[in-house]
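Chain IDs A, B, C and D follow the sequence of writing; residue 1 opens each chain.
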Amino acid sequence: MNDIERNDLIDWFKTTRKHTEAICKPLMVEDYVLQPIAEVSPPKWHLGHTSWFFETFILLHFDPDYEAFNPQYNFVFNSYYESVGERVIRVNRGNLSRPTVEQVYDYRQHVDTAILRFLKETDVSAELKKLMILGINHEQQHQELLITDIKYILGNNPLFPVYNAEYVTNKQCSAGSSLVFQEGVYEIGYQGDEFCFDNERNRHKVYLNKFAISSELITNGEYLEFMQDGGYENFSYWHADGWEWVKKNQGKAPLYWHYHHGEWHRYDLDGFKVIEPDVPVCHISYYEAFAFASWKGTRLPTEEEWEVAAGQLNWGARWEWTESAYLPYPGFKKEKGAIGEYNGKFMVSQMVLRGASEATSTGHSRPTYRNFFYPDARWQFTGIRIIL
Amino acid sequence: MNDIERNDLIDWFKTTRKHTEAICKPLMVEDYVLQPIAEVSPPKWHLGHTSWFFETFILLHFDPDYEAFNPQYNFVFNSYYESVGERVIRVNRGNLSRPTVEQVYDYRQHVDTAILRFLKETDVSAELKKLMILGINHEQQHQELLITDIKYILGNNPLFPVYNAEYVTNKQCSAGSSLVFQEGVYEIGYQGDEFCFDNERNRHKVYLNKFAISSELITNGEYLEFMQDGGYENFSYWHADGWEWVKKNQGKAPLYWHYHHGEWHRYDLDGFKVIEPDVPVCHISYYEAFAFASWKGTRLPTEEEWEVAAGQLNWGARWEWTESAYLPYPGFKKEKGAIGEYNGKFMVSQMVLRGASEATSTGHSRPTYRNFFYPDARWQFTGIRIIL
Amino acid sequence: MNDIERNDLIDWFKTTRKHTEAICKPLMVEDYVLQPIAEVSPPKWHLGHTSWFFETFILLHFDPDYEAFNPQYNFVFNSYYESVGERVIRVNRGNLSRPTVEQVYDYRQHVDTAILRFLKETDVSAELKKLMILGINHEQQHQELLITDIKYILGNNPLFPVYNAEYVTNKQCSAGSSLVFQEGVYEIGYQGDEFCFDNERNRHKVYLNKFAISSELITNGEYLEFMQDGGYENFSYWHADGWEWVKKNQGKAPLYWHYHHGEWHRYDLDGFKVIEPDVPVCHISYYEAFAFASWKGTRLPTEEEWEVAAGQLNWGARWEWTESAYLPYPGFKKEKGAIGEYNGKFMVSQMVLRGASEATSTGHSRPTYRNFFYPDARWQFTGIRIIL
Amino acid sequence: MNDIERNDLIDWFKTTRKHTEAICKPLMVEDYVLQPIAEVSPPKWHLGHTSWFFETFILLHFDPDYEAFNPQYNFVFNSYYESVGERVIRVNRGNLSRPTVEQVYDYRQHVDTAILRFLKETDVSAELKKLMILGINHEQQHQELLITDIKYILGNNPLFPVYNAEYVTNKQCSAGSSLVFQEGVYEIGYQGDEFCFDNERNRHKVYLNKFAISSELITNGEYLEFMQDGGYENFSYWHADGWEWVKKNQGKAPLYWHYHHGEWHRYDLDGFKVIEPDVPVCHISYYEAFAFASWKGTRLPTEEEWEVAAGQLNWGARWEWTESAYLPYPGFKKEKGAIGEYNGKFMVSQMVLRGASEATSTGHSRPTYRNFFYPDARWQFTGIRIIL
């Protein structure tokens, strides 16, 4: 690695780490600690866990002089890496007041300083570079999770506190057009020399039937029509599991929507407000996305269709549920060791989402990117695009 | 429909209905009533439900003279057809001692007589024929479920009662050979004029990479090696969900296996006995099938690969877990009304199984047949085939 | 023991054992097997368990020649005697189709024959006599449980099958009168030479304030007034735990009551029928009894008050909830061994009920008898008497 | 009320309010927010709830000029007063990061200022005085809960943070002596003109048998003997519910005890340390207290025995489990309105504890004081005294 490359890497690392802290800027200390549902991790856990990732996979692995900030932090900030020792189980993350927020920031500082010194002094090997880039991408993923989790922590509070009054919500002004693709063999999957996750490989051929896809996302206004047409009361639009979900959760609107004084409102990071009809609908489960598409008499795209069409789609406002289950591509191989736990072990019972969202860090996504969640997940910035 | 066709249909109906009762022949009245876990329905429920299917979708629909045997039976024997009225929820099927077994057999008799009279007297329309064939196939599916559920009811009893001392277990004598298929476009899905389920259509093209698949199923002996090599103690072979399942259920062997006097035994329909090494392993979850394949350094086939290879595989002893999630084929459309609830609404969070099992009714399966269960299901006759 | 005493004991044993079977006479085989809720045991379990009691504590203990009918039955029919080996956990009783009903009757027959032969041949010691009488009283307790459990099994079935069309429900015609007792020291607890349970001893002195108690039980009609006055909607009548219970179970009427065609009905052993206003209310929890009394501006009697007044009360139709928790009397000592597990270990978190019910076997109860259940239990024949 | 009385009341109020804040002094902001188990409320909730009590029952009730600090706080800080509007359900208290700790202190300040001004300006009626004293006693109860909850929040953290290195644990040096009381009529319950809770009245006569009670509490050393003698492995010492509790929770020591490097340690507010044999055992459930007494061949005292003996007992280090269920005294009447919800509605399924603990505020308890918890509660400072 030459000096220019090294400096680029150092800059990228610094920018990324700073951006994480910028996201937390509007928080009060109390906001850092909560875990109101199992899926939502406390912000201070995200801050610690991303630092732990660099400490464990870079510093403790490559730097013989590095001393761990606090050996007990491995127990506290390890997430799901079974191969890296015991860990606080996920549902208990919100039961720990210590380390304090200040201590977690000290931990970040300690790791940042050590990484920067190490990068400057060492000869950056290909393996080290690869893990640094993985760590940066990992931190970017947690940047989006920080935003989703902060939104849940604040939006679940009956006082509906504002995160940032300037927070701008995406608008979708144009009407959707229909993009048609012919039957045939296409290629999907990552190709190139930049970073991608292991689950985006191998690039491979798929055979697709002819399809037409909307260039635009479904809006709040369109979703409201579904609701007002009895969408949540008619099982015929739903999967059996989805219908159980509706009945059990008394589902009748997207997450953060509230019927108030005769009108639908929603909580967003800039506060509580009346639904805007032309904004892409957000915070819906796969079950709801599927039901909406059924009601429309159509279906969601598969991830292959989405990727083939990506160049012509208007995407990036919402993670878009596809009709594809999250499964390995042909030739996928888990890496050895802890890094191999990154993606492969989640390849069952989850659905693929494509695109990116208003909460995704700049430059983090790409047309081959495969996001995945369980079909009942709603706290992510999830939306709908349909086959026409 | 001419008279020969009509007589064939009548014979098929009669044979099928009798076979269901033959399966129940060895049961005591008490065995008909239980539901030891939610997935296992009481045998008398299967007897009633299959009759209800013919009553509801044929007799009450086509025969204006038919009188329901007992209008309350719709409530008791409807399974999941939301569009056909309220129903006893699934987990409560085992809480009903009435109707008695004798009454359920009377109900069957009543429906059989009515169907036979009706088929003889009426002009069998295409729609009627289609529903009769669906009803027969539906009953065949419940024949296999009857066997799996009876096995659970008896095998879960600490007295290990014998169902049938003559019950013969499949043997697999030959060593597996490797079947190789070249990269390219293949066609899968049902094509023809015979019956198939809606989920087997449309026939469509798929692009497959080169693969090699074993001609034979994995045996008890091979699975025991996995167990003895610590397969259930090493998370690296498992999905994250699978590892949770292992820890929660203290999984360490297939269902019905018991370590007894220093040796692994298993319950089968002919009683409790020592494990036979050369019999295909049975009653494993998708999680276990996947972990076994990972331990072998390989993977399960996709359903497309399986179907392409089917002509050269030795199949029929076990339902074979594939690496494919249960999703619609291109062009799949749910039918209108209750019949449309048959398959489509289960297309989320389940995995496809291909082949057939020793418990599958003769003639029921075919190479395009798509069975599906949740990844933790073990009470079916499920087994493993691997990619080589 | 002289011959007259011996014959009396033999007669009592025979009569009791026959009465148990008479209770089961109207059942179908299917009814014997179910356990629709954890508290309800399958009738065949009661038949087996009462026989196991005589086999374990009499035959295997005193008769060196006795051979157990089936050694595995200890596992199946032991209830909660931790000191007598492992057992099927309570919630799994309804998951066993074997032994069959016929086998259980054979077991009873085997035990009866052995007991009768043994009693005729042996010198009946005081200890043996004591255990025989305990076994008979134990069987009488299970006779009432059989009736309550059969009622639940049938009454929980949407077909509402009749147990016995001749079954007569108690009527209460007279208006209640107020019985007044003066302040002072009273004695309660069993005194005498006949059988009593260990929890009825020691007889001891208690100091009571002046109180007035109703001679009669609360009727359906009176309870309906409470319901119609919003009793189930006003938390101020309820314990905090009771109010949680109401909300969680959407409580709005006693067990087995159904609002049907504009009128309250109830299931009883003679079938489904309109509520009779002058019959004592039945199948209510302690929470409901307490709330009713609060609504009336009064309270339930303590068990001490009840016992002091017993001679002047009209009792025997319902087990009457008292305001007393089930705790040991002064000087209470658990017996050694398995018999010591009979009563003492339940002395926490349960409430005392006094009296007897229409389902109690003749001669089984007495004024000092202490029945006990958790405050949410409703499937017993429980009712209300109030302090005036 | 004359000026001296008024000033005394004002001083008492100020001292009490300040003491609450002193308890929280060693906390970090993060510690104020957590609810690791349902029973433990976040410290900031206690701070807010005690202020809400004065605001709701004094200021909003008596002071026409008072303006609520924030009308939404009623929803957030109401605990269980059904009659004072909706509330955040108990298990969700730990899911609220807002109001912040600082805002809660502002709320306290607002209420304190308003109360002090109001008390100085108004003519203090008997009713107002009564509610002020109730509010002060209520706050003292929450002072003890603050200490128990803080201990749980810190002691549940794997880092075992110290609350206060100077925290002094009670020592018990003297050997216990046996205090004997003769059979006869005694009086118990509060008598006098000072404050008592409604559950301490009416003073009434009870008849007690002769008993002997230990003057001292059971120590860690004595409890360790019970553990080492297999107390947690022998069901015969336990209630059936207690034995279920042991098996379900794998109980083998008091709360906060850890076996570490071959020795039993415990967490206390001054940190993690080796068990001290002569300190009264703490943090045990009623089930454990009962099992210990059974193992000793004796029992716990009843609350009547305890109160009669109180003058000669060495008490105040631990809340002492009694063998008495929490039930109303003769003549007990719930007050009208929200204040009536204070005690009466908890009178089912809980056990009485007598005495006080090292965490009880000075002057808060008295010999007639009745504390109460469910039999499985361990996070309070609970201990054991036995009948000899």
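FYI, contacts are C-beta pairs under 8 Å (C-beta built on N, C-alpha and C of every residue); 3 or more make two chains touch, one makes a residue touch a chain.
Everything numeric here is computed off the predicted structure, so don't read it as measured data.
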Homomeric contact chain C-chain D: same or different residue positions, threshold half: same
Chain of greatest Cα-centre distance to chain D: B
Centroid spacing, where centroids are CA-atom means, of chain C and chain D in whole angstrom: 37
Rounded Å distance, chain A centre to chain C centre (Cα mean): 58
For chain B, residues contacting two or more additional chains: none
Footprint of chain B on chain C - complex, ascending: 28-34, 36, 44, 72, 75-76, 88, 92, 94-101, 153-154, 156-159, 161
In the complex with chain D, residue positions of chain C that touch it: 80, 82-83, 185, 204-207, 209, 235-236, 238-243, 286-287, 290, 299, 323-325, 327-328, 330-331, 340, 345-349, 351, 375
